[in-house]
Every structure is written in structure tokens, then in C-alpha cells.
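See below for the structure under consideration.
Chain naming follows the written order as A, B, C and D, and within any one chain the residues start at number 1.
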Amino acid sequence: MYLRSMETFNRRKIINDPVFGFIKIPFDIVFDLIEHPLFQRMRRIKQLGTTSFVYPGANHTRFQHALGAMHLMGNAIDTIRGKGHEISHEEAEAVTIAILLHDIGHGPFSHTLEKTIIQDVNHERISLMMMELLNREFSGKLTLAIKIFRDEYPKRFLHQLVSGQLDMDRLDYLRRDSFFTGVTEGTIGSDRIIKMLEVVDDRLVIEEKGIYSIEKFLVARRLMYWQVYLHKGVLAGDQLLIKMLQRARDLMASGKQLNAAPALEYFLGEEGREMNGNDTDNFILRFAELDDTDIISSAKIWSRNADVILRYLSKGFLDRRLFRIEISEEPFSKERIEEEKKKVSVKMSVSEPLTDYLVVTDTISNHAYSTIDDNINILGKDGVVKDIYEVSGILNVSVLSKKIDKYYLCFPKKI
Amino acid sequence: MYLRSMETFNRRKIINDPVFGFIKIPFDIVFDLIEHPLFQRMRRIKQLGTTSFVYPGANHTRFQHALGAMHLMGNAIDTIRGKGHEISHEEAEAVTIAILLHDIGHGPFSHTLEKTIIQDVNHERISLMMMELLNREFSGKLTLAIKIFRDEYPKRFLHQLVSGQLDMDRLDYLRRDSFFTGVTEGTIGSDRIIKMLEVVDDRLVIEEKGIYSIEKFLVARRLMYWQVYLHKGVLAGDQLLIKMLQRARDLMASGKQLNAAPALEYFLGEEGREMNGNDTDNFILRFAELDDTDIISSAKIWSRNADVILRYLSKGFLDRRLFRIEISEEPFSKERIEEEKKKVSVKMSVSEPLTDYLVVTDTISNHAYSTIDDNINILGKDGVVKDIYEVSGILNVSVLSKKIDKYYLCFPKKI
Amino acid sequence: MYLRSMETFNRRKIINDPVFGFIKIPFDIVFDLIEHPLFQRMRRIKQLGTTSFVYPGANHTRFQHALGAMHLMGNAIDTIRGKGHEISHEEAEAVTIAILLHDIGHGPFSHTLEKTIIQDVNHERISLMMMELLNREFSGKLTLAIKIFRDEYPKRFLHQLVSGQLDMDRLDYLRRDSFFTGVTEGTIGSDRIIKMLEVVDDRLVIEEKGIYSIEKFLVARRLMYWQVYLHKGVLAGDQLLIKMLQRARDLMASGKQLNAAPALEYFLGEEGREMNGNDTDNFILRFAELDDTDIISSAKIWSRNADVILRYLSKGFLDRRLFRIEISEEPFSKERIEEEKKKVSVKMSVSEPLTDYLVVTDTISNHAYSTIDDNINILGKDGVVKDIYEVSGILNVSVLSKKIDKYYLCFPKKI
Amino acid sequence: MYLRSMETFNRRKIINDPVFGFIKIPFDIVFDLIEHPLFQRMRRIKQLGTTSFVYPGANHTRFQHALGAMHLMGNAIDTIRGKGHEISHEEAEAVTIAILLHDIGHGPFSHTLEKTIIQDVNHERISLMMMELLNREFSGKLTLAIKIFRDEYPKRFLHQLVSGQLDMDRLDYLRRDSFFTGVTEGTIGSDRIIKMLEVVDDRLVIEEKGIYSIEKFLVARRLMYWQVYLHKGVLAGDQLLIKMLQRARDLMASGKQLNAAPALEYFLGEEGREMNGNDTDNFILRFAELDDTDIISSAKIWSRNADVILRYLSKGFLDRRLFRIEISEEPFSKERIEEEKKKVSVKMSVSEPLTDYLVVTDTISNHAYSTIDDNINILGKDGVVKDIYEVSGILNVSVLSKKIDKYYLCFPKKI
């Protein structure tokens, strides 16, 4: 159904993508998966959550990202095959499905709310559960895709194309996020990186002449982290959202009657907090009803609530009255935090315990290149495989692989 | 506040825009208007409504468009001043405000719902009412902007920059819509068109050497109309949405209890149907609470409703199960329509009168260049001003200025 | 050899192209042809001759254009095959060779000097002679390519891909010239046009939904004609060049000793004027020694010549002291021309007959879409093939197919 | 004259640039300098010499680069003024002239031939001499520009804008070379870097939030070095050119009669070898007659010479039969070199001493960021200025500031 009313109707299915131009749908089952409501739901989940507070162009969705990553996978398959490594039709289809669905488990405002709405389940696990659900619906046709996704398939490079230091997920999102935020400096040479892919002992490596592209990829990624993903305004927006949901949940827990979008209501209540081990399907189906609009429409309801805290946070979220934020290399002192809380308590006439919702301190950390993850391996002309840092020399691996911790303090700007 | 947490904090306010790069905020009052909740609301209204059903990249908002048009206005002011025409500081500020706010009156899924939610008021009128409301809040500082917007200011070219054949609104939206849909062929040379602007007798004209740019502009606009704005999939998506809201309203009118997003509920009920002449401020404030999320979250609620029609339409809207659509140069015969209705009646077990919600026929029409609107005037090297069609010759004005009517018929695809 | 030292050495041959990204060399023989000195010579012939006088970026060469057109041919072959039409490996190779070599017969400053250096032979004929020469060198492997080039092959659409209203030549040069001149408005949607290609009765047609792309193509081409190819500065530069060579030739004919670049010297003399029917190979080999540098280095020699006319023209060409040019819809009157000649005669102290080199009148004409050429045919959804003008309606075929004549007069600016 | 026949004739002077769009000419004297033959000559000198052997798009000229750098200078002046630092009209004009002319002293195939054609004078010195010559012609109006160029002006940041770690020269050439080679990964965020410029104690610094842009700049520069400027094919092409000229000079020195382009002939002879201290003006004027075409047209003459070495090198240069090149971290052993020479001696029937022209070993070295040059200083939010390496941490300064030496060996590919 889906694409038939697009560009080309029955014969050929092509999607216009501002980043990559024309994207072809390579397999029939991929077309059917895209049409599925679980996949269509991703149209209503922004890739970058609150980032559009800072970069107004960042309204692209997980739906677009999934299609983009699928497109790059096609190129990667062509390149690897072209270098003489076999990838069967089944494997190609499976690895394409795996990348298409890798993010299907994301909830609204993804990373921001991952720890708020459901507390014990990360999105990878939910993605997997959704794939299994789809697998039943598609009579087992996703079995190989799931195997690859779980890294249980011998040709491990297929898993690495889905999840690894240079997977199609990253190659797409870095380029796409750079494109839509307008932070053009963060763009990466996904085309060239893919052309440099090779396979040695069933693992992905990069041809030696690609090292400068990799260096640039690492530096561009770092730039995107600090300039976009961990931008002060984004952090401040995230905290507003997190605290708003906490306040709503706490009010409900304390017995207050509180309207919300129905899909969200369930997750704010007692039973929605944890995934019930006995009935994961019910959990998944309820979770699948959630998207960004539930958060926003709930905020709209709450912005008229009697509770001053909930009202303040909801209106701030809707009107983009972000917290003021300070960042520091050192943790903020208790005194400083207390001081801010007192100010807030006085100015907003709320009791001091309630200022926990308004004065927030937290840490951010970033590994631009984690040595714990699998490495980026470079294939030398002599056939020897080495880590990028050994080969490159220019990048300070000790810095890059070190966890950088920064501290921040958020509080109301003008009250 | 808004942009201070962006790029540059206090001193300089710059916004990243994927289309134009860095956008500067040129006046303090513009900054304050952008921060206003009425303006921030536009973050939640997509520029192209249901178009993302067909072009998944089309998630850009009216907020982005307003900033883009403001940016182009700055360039137009510079060009016109550079050619020796005076534009005072006050006029520059006013015309900038006018373009910034020209679309502020748009409701959710703008054009689609303009005739559904409120029936007698178009968005220009609401924009004007909102400007007047803001003018009171800003102690009369928008008076000149409103005068220009209403075309009551002697330097009429200022109004034409806001609303005319080559206004900054069109220059931005054609370029922006082309950018985000990925229909790169629709892009226009906004830079060069602006450089060709001149003023004769207080009216905008284009320097003669710009005629090829204008020809290209007209053809690109036509391409965007047929390939994007009037795309079959977009029309089919729009009808789904329109019919869903009609069904909801009719159910409510017939006394059925129906939940919806609170902001929408008002407009579905009796009193929201027409703007109450006596209390326009109340109307405006209620209208200003509406945005795209209200439609979507209502659809989510309705997708579980007992009414089969409402459920069908809502689920179709959420899961992108669009109507099948046929387009014809001739009106569809009564027989054909009845035939489709009968099929639907049988397959979906609904009474024939109810099939009015499911089998829809309507017309589309497009003037690519309407001779009723003000013309595009070309300033010859001899100083004589002529209409583009006289000068160009290549474009068939009789075709372009003729209203083209096409007919379409929508009905459920597979039932 | 050539590309082996590029990106990828032996295994895979890829060329970086600023317009299309990575270009692959699809066949071994294509690689060998690219390496041939006759092809390498095109590195020294600019695509747009004197256009860089006006657009300083227009330094791209026929070498680049030939590779770009070859790249598009690959896409066209894929599209046509994908729609179920057979193109055998041999045919694909041959049509690729034909497009690669279609311009190989261009001399220095191509179109400008086509009628000056050799008088009776156009570049298509020389291209063909060079292909035949190469065919002997490559043991007959170019026979099919030549057949297609000469339109003597039954699948006539293959010839149309090389030479027709929508051939790969045009699709590349319009896009490439737009790119390098920086006249971004002239860009065309070559990707989409190629995707719309179909074959009916062995002839190329365009699918109906591509009509807006074709309209845009025609208007963009028109824009490029008037804004680039027939730009006043380009015409003025061309006349400088033409007159310089005429003066040099006339001086030589009158017995004056005149140095020039050796390759050019031959063509300025008696025997080089016409192609000797008996020894075309000698002619071709001599012609193949000519490139842009011969013209420029001769101008450098002549800029110190005793002859005031030759010196004036040569220095003007080197230092970009172009003629002043006036354009008119009417022919310039004899009186006007005489008047300019008299002025020049006095100011430069040259006898009146010599002012023929300095005061030049000529015409320009352009058919944006010639009905004499083969048409652009549109394949309707009903299977009927019609000309674009019947289908589109918007474009004024009577204007577009009419030969537009303009007159211009060139003379020294300040003397 | 120059631009009047372009886009806009008298009133406004605008140049189309594929990289930056429209470039304005900001001062009248700049317009006159651009029209000067010394500046127009740069149209005939490619920015990247033999690089187009490897990247066919790299045909852009020093003329384009000079205009681009001038354009960026305008932006830098605006930014610095906007941050409250005074730059007078005279200073703005002077620093613009200085950047416009900074490369005017480049000879044909710039860097490649710098040490071949003239041996003791680098291009900066010749640029300065040409500026002084122009200064006399322009009645002293370039005096301040020359002062800034020589770093003799108190506001030293003006010199740094012309020549320093982040001067407009580099910002333009890195971006432009990346654009025309098609090595898109090498692109830098010149816009954002310029927006981050600040001045402290009359020296340029970068605002702290610009560090990621600087990191990216450094890595992109490194990528351009290894992927473009020191690409194997480029080195091999350069050696061909160098050896060809050496052979020609040596033949002339040994008394052989040898034609060449007249402008080059002088520099190949005895007197042209060194700049005569007593008559620098004569030297400069002769040097100013040289451009790329003299090298190419001489090669064309020599490709028919009786000398086998000269013929081999010239034909190789024209037909792109590059040397085979090997690169090594270690110097090549005498044995290896002798072995290659012997092979060449046998195969080409030349005496062993002559193989010095055909078997070449040399070193390449690159400091991506030299600590000897002035540093890139970062202005912290606390007002303290630090070097980028202290602040960034990610980049390995010890690696980057270390001179990397590589060795290469060139010899004929197939003989």
C-alpha cells in the first residue's frame, strides 16, 4: 500500500530522501514491514527528541533514519560482494531487515525518556521483542534477521554492519543529524567509508587508505556530541521533560487525579512501571501505542493543572522556557545547590522538598571512541589488521577512550 | 531566552537553518516575538500537513518557515536599499515583523483543516487577529507591521514583500518544501530573484535580466504543485483526515460521548464551530491551543472507538492506510460513485448513507500564475514595465492563468 | 595506467567527480580508451572555451564531461533494463564507448573556432574519424559503437541516448556547466529524468509523470543559453578570439613571417585550411595535436607583434580587455557600423579596411527546443505517445521552436 | 572593464562562484587590481598544478582562489567589527588588497616548479615585488596593504588574516580544493570558523565554543594533505614535470638548440636562472609572462625532440603516462635505486648517468600543524588564551607537530 501511491506505484518502489536522494526498497518483505503499524509508528517519533528546541530543523523521525540506514546497508552489501565476499540473497535480506528494525523499540523522546517511562528495559531489548512479535506475524521470515541482530550468526560482520563502531546506524544518523540540524561540519563521508569496507576473518575492517576518512569520522562524531547531542539547550530541555513526567507520576502515585494521553496514562501508573515478565506481548503492544504526541498532548493538559510545579514544567516545555544551565568540570557543591533551591522556593512559593523538581544536577559523559566496544580495525597493505589508533597516530586514544564527565546544574531562568 | 542558549548566547543571536545556514535575528522585538508562546506554538504545526505520508522528509514546521522568510526579508531589504530606495529602520523592522507573523494564524494541518475545524475564518484573518492581540501586549509596537500586512501603507512594495507574486513567503516555502521533500527539481533561485528586485512607483518589479529566473520560478512552482502539493497520496491523506474529523463532529452532534484532545474538543462541539463575533479574544486563545498533536492524539483515542467509520478512518490515518484515489479530467458519474458506495457498504457492513465518509469525490484546481493576483512585472532596460508574459514569450499565459480543474474519487483500498 | 594510481589501483577503478561523486569505469576497454593520448588530450580543452572570462569557475574540460556523460549512460542502461528492455553486454559496452568518444573531435575553444581553424568539417565528423582511427588500433572493437553513433543500429534508442533531445551528452553538460559556472538555477534533475526513461518501438520516451521534470529541463536549458552560452561577455570574448586568428591567418597569407605554436601554425597556413580528402589520417593526427594551450601561447607570442591589430586583439584576449558589445532585436544599420569604424580608425590610427577586425557585427540565434530535431515524446498512462508540447500545455511551442535572431555589434571599449 | 560585462554591469559588481555563490567586489581599487594584467594572468595558473592528473575536476585557478579568499576576508572583517574591534575603512581596504594579491607571485605549476624555474626566490617574495610594482603604478595606494602583508603593522591580527594558522588563504583553499577535487570529506566549516574569530591583544583567537570546528579543520587539512596534496599520482606527475624541465635546461646548457615557449626560454637559459639583483623589475616583468600554458606548449614541442629522455618525459607529461611510484617509511637503499636504474638503462637504451632523469628518489614531509608557525589560540570563557592542543586534548600534538618524513621512488612504468 504504502509506497504504491508514491513516486512509482506498483513496479518500482522509490522514496525521496533529502539526504540520499532516491531510496529503493530492495525486498518485498521490507516493503511489507514498512507498511506495518509498528513501523509506521516511527513517523511519530522524532530522531532527536528535544533537540529541535535548539536546532529548529531537527524534526526528522526514526522512520526516516531507518530508511536511510537501510539504504546504506544496500551500498555496504554491494561493496563487500564486489570485493569477493559472499553474501547470499537470504543473508542480504536478513541484514537489511535487521537494520530496518534496529530502532523500532524506541519510545517517545527516545533517550531522554528511556529511563523515565520504563525503568528496566532499554530500547534494544524492546526492539528485539518487537522483532520477535513481527516474526510470528510473518511466519518466521525474520528468524535470520534476529539471529544477526543478536550476534548469533557466524558471519559476524553482518552483525557489525547493524551494530558496531561503523555500523549503518551510525553512518546514517551522524550524516542525517548533521543535515537536519544544519551543523554541516558534523557531516561524515559515509560513501567513502562504505567503499573502504573489507572483511577479514568474518569481521569488518577498513582498507588502509581509508584511515583519514575514519579520523574525520571520529572527529566529526565528537563535534556532533558536544555541539548537538550534549548541547546545553538540549540538556536543559531534556531535564524539563524528565522532571515533568516525574512530577506527573508522583502526583498520580500520591492519589491525585491526573488526565493524560491514554497511552501514556498506563505507563505513569503503578502497573506500567515495570515490564511484566509474564505478559510481554501485552507490554509491547501497550508500549507500541506510545509516541511523541502523547507526551506533548499530556503536557498541554497539564499546563492547566492546579499543581504549580507540574504547570510550570509543562508550560516551560510547550513554550520553550528552558531551564538555565551551568556546566562545570567539577561537581556542584551542596551549598550551591541549596542556595539555588532556596531562591526557587522563595520566588515560586513552593516548599523546599518540591524544588527537587526544579533544581537538578546531573552528569554527562561521552566516549567518542570506546575501547570497550569493538574497535575500528584497519587492514594494512601488508595484510596485517591493526586498530585505528595504532595506525593513525594523530588521535589521542587515551583522551578519546577516556570517559569524560561533566557536571551540570539546571534551575528556572526567570521566575 | 530562546536563542541565548543556542549558538551564541547573549551577544549575537544566530540560528542554524539547514536551508540557509546561519540566520541572524535582526531586531530585539523580533527576538521577543519569537519567544512568545503564540510563535513557539508553530513548532508543533508542520508546514505541509499530511505530505510526510508521501515524502517522509517533509516534517519541517511553520516555525522554520517563518524564520526562513524573515531571513530572506533581510536580504530583500539590503538589495532594495542598495539600489537607492529608502527603507527606514522602522519600516525594516515592521516589514520583518509582518513576514515573521504572516502565518501565525495557521491551525493544525493548515490548509487541510482550514475548512473543517473553523468554517468561516481563513488563516490570514486569524493571523491578523493574533497580530492585533500581540500588538496590545507589545504596547502598539506592531502597528506599522499590521498596516503593511493589511496593505494600508503607502510604500506598497513593502506589502508585496509580505504578500504578492514574489513575496518572501513563497520564496521561502518553495525552496524549503523542495529541500525537505527531497524534490530537488522544485528548488528556486531565491538568491538571484532577490538580487533582481527593484522598485518603481512604490511597486516591486524585476530587472529584465532576471526573466529567466522568473520563468524557472514559475515552472518550478508548477512542478511543486503537481508533484508535491497536489500529489495523489497527499490528497488521499487529506481526505482521510477531513472525513475523520467530520465523523467525529457528527457523532458528537448526534449526542455520542466522544473523547478527544481537550483543545480539539471545543472546536468539535457546537460553540466552536463559528467564531463568536463578540468575543474574538476568547476564540483566538482557544484556537491558539490547537496544534498537530491534538489531531493525532485524538485519532489515537478514536482508533479504539465503537463506531466502525471513525475507527476505520482513525486507524487509516495513524497507520498510513490511505484511500485509493483516482484522478480524472471529467467529473465522476453518479453511477460510478454509487457503485463504489455499494461495494463499501457491503464489504464493511455499513449502511449506505454512512459511505459518504468513505467514498469521496472532490476537485482540485491550480493556477500556477493567476492573473487575478498582482502580476510579476519586469523592468526593461528602457525603463518600461511589462508583465512577465509579454516579455518572456516562452510561457503560455493562457494555459498558466487558466484554472485547471481535475476531479478525484477516493475510496477504501482493501477492506 | 591512468586510474591505477588513483583511488583504487588495480582492482576497482573509481574517479572522483565534483558533480556526481564517485564515477566507476564500467568496462576494460573504456579504461584503455581513457588512457589513450587522443582521449587524454581532452584534458587540455575547456568545455566552455572563453566562458571563464565571465564565469571564472568555468574551467572544466571536455575530459570531465566525457566521463560524466559515461556515468549517466550507466544509470540510463540500468533504468531501461530494469523496465524489462534488453540491452546486451555488447550493446551496453558499445553505447558507453559511443558516449565516451562523442566529443573527442572537438578542437581548441570548440564551438568558437569550429569555423575558423578548419572550415569545412564539424566536430562530429572529426569525432567519427577519430573513432575509426581508434577502431583500427583496437582491432575492430569499436565497430558496434560507431554503428550506434552513426544511427545505423536497429535499436535506435541507443543512438538517442548518445545524440537526441535527452541524450546523456546534454544531461551531463547542462548540469556540469551549471555547476562550474555557479549558475545554480540552470541545474536539471538528470537523476529523475533518467528514471523516467522508457522505450517504445525502439525509441526513447518519457513516462507521463516526468513531464514536469521535462518542462523544467527545457526552461533550465533556455536559462543556460541566455545566461551562459550566449552571455554578452562570452560573445565578446569569442569575437576577440576569432578576429585574432583571422588576423594572424591573413598576415601569414600576405607573406608575413609569424610565429605561433607549432600545432597551430600548420592550420593557419595554406594547406591546413581544408581537410585533404586523400590523407585524412594525416589531417586527424595533426588536428589531434591542437588544444587550448596552442591558442593561448600563440596569443602570447603575438601580443608583442609589430602589427597593431594583431597585438591589440592578442593583448585583449590575454588581459581580458573584451570588446564592448551591444545587442539588438534589429540588424545594426550600415551607418552605425561605419560610424564605429571611423572612430576606431581615427583613435587607433589604422586604415579603415583594417577596422573590419575590430568592429564586428553578427547574429545569435537559439532554438531552445527545435522541432526539426527529434522530439521529446511522452508515454501516457493509456500507452499513447505524444509530444511534450501537446501534453504539457504550459510551454509555448511556437515560441520555443521559433528561431530567435538577435544582432550584436562589437567594438573596442576604450582605445 | 572586467566585471561590467558580467552579471551586473556598472552599478554593482558581482561574480558567480561555484563555492560561495555571489561574490561582491568591495572596493573600487580592488576592481581595478582585478582588471590588471598581472592579476588576469592568474587565470592561466591552476591552483593545484598536476593534481588534475588524479582528480580531473581540479582545474580551478589561482584567480578563483584569490577572489574566494577576498570574499572570506569581507566576512572576517564584518565578524571582528561586530565584536567591537575597530577596523577602519583604510585598514579594511588594505587587508582586502593584501589577501587579493597574496599569491600573485606564483609561477606556473606553482609549488612544483618553485625550485626549478627560479632557484633562489620563493613565491612570497615575488608576490611582494609585484605588489611594490603595482604600488608605484597605483600611486602608493597599496602602501598599507604591503605593510600588513609584511607584518609591519601594529594591528597584527590583520596580518594573521592574510597569513597565519587560520588565514583566509587556507580557509579558502582547503574548501575550494575539496570542492573541485570532489574530496568532499576535506571540506571545512569556513563560515563557522570565521564567526568564532576574536581579537585579544591585537592577535587572532578563536572563541572556546569553536574548538570542535578547529579540531575538524585540522583533521580535514591532514586528510587533504595525504589524499590530495601528497597523493602518489600527484607526486609522480610532479616528478615528471620537474625532470622534463631539468632535462631541457641541461640540454640547453650543453649547447643544444631547443625550442620552447618564448616566456619559458628565458628562464631555461643562463641569465634566467637567478634573479638579477640590479634589475628586479625586468625580472618580475619576464616572470609575469610565464604561466601554465608555457610549460604545456613547450612539452608539446619537446615531445618530438631527438633526445630520448626529453621526449619520454614530455610525452609522459602530455599523455599522462606517470612514473610508477613506491612510498616507504625508510629511505630506499642504494642497491634498489641502482637496480632500477640498470633496468631502465637496458630497456630504454640510455647510458646509466642519464637514468638520473628517470629514476628519482625524494622525500615528502608534512606538518599538519606546525608549532613553529604561530599557534591557534583559543579564548576561554574565563578570558584566558590557550593553545588549541591544551584545550582540545583529543589531538595528539606531538604527532601533529612532528615532521613526518616519507620516502618515495619514481621510475618508468612500462618501457
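Everything below uses one rule, namely that a residue touches a chain if its C-beta (ideal position, glycine included) is under 8 Å from a C-beta of that chain, and two chains touch if they have at least 3 such contacts.
From a predicted model like this one, the values you see are computed outputs, not experimental measurements.
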item	value
Chain at maximum distance from chain C, centres defined as averaged CA atoms	A
Cα-centroid distance, chain A relative to chain C, in whole angstrom	50
Between chain B and chain C, centroid-to-centroid distance (C-alpha), Å	44
Chain centre separation (chain A, chain B; CA means) in Å	31
Touching two or more other chains - residues of chain D	21, 184
Overall pattern in which the protein chains touch one another (line/ring/star/complete/other)	complete
Chain B partner contacts - residues on chain C that touch it in the complex	184-185, 187-189, 192, 212-213, 215-216, 219-220, 222-223, 226-227, 368, 393-396, 399-400
Complex interface listing, chain C residues touching chain D	1-2, 5-6, 15-19, 21, 35, 37, 40-41, 43-44, 46, 52, 54-57, 59-61, 63-64, 67, 179-184, 232-233, 236, 261-263, 289, 292-294, 296-297, 300-301, 318-322, 325, 413-414
Chain B - residues contacting chain D, complex	7, 11-12, 14, 21-22, 82-83, 191, 195, 209
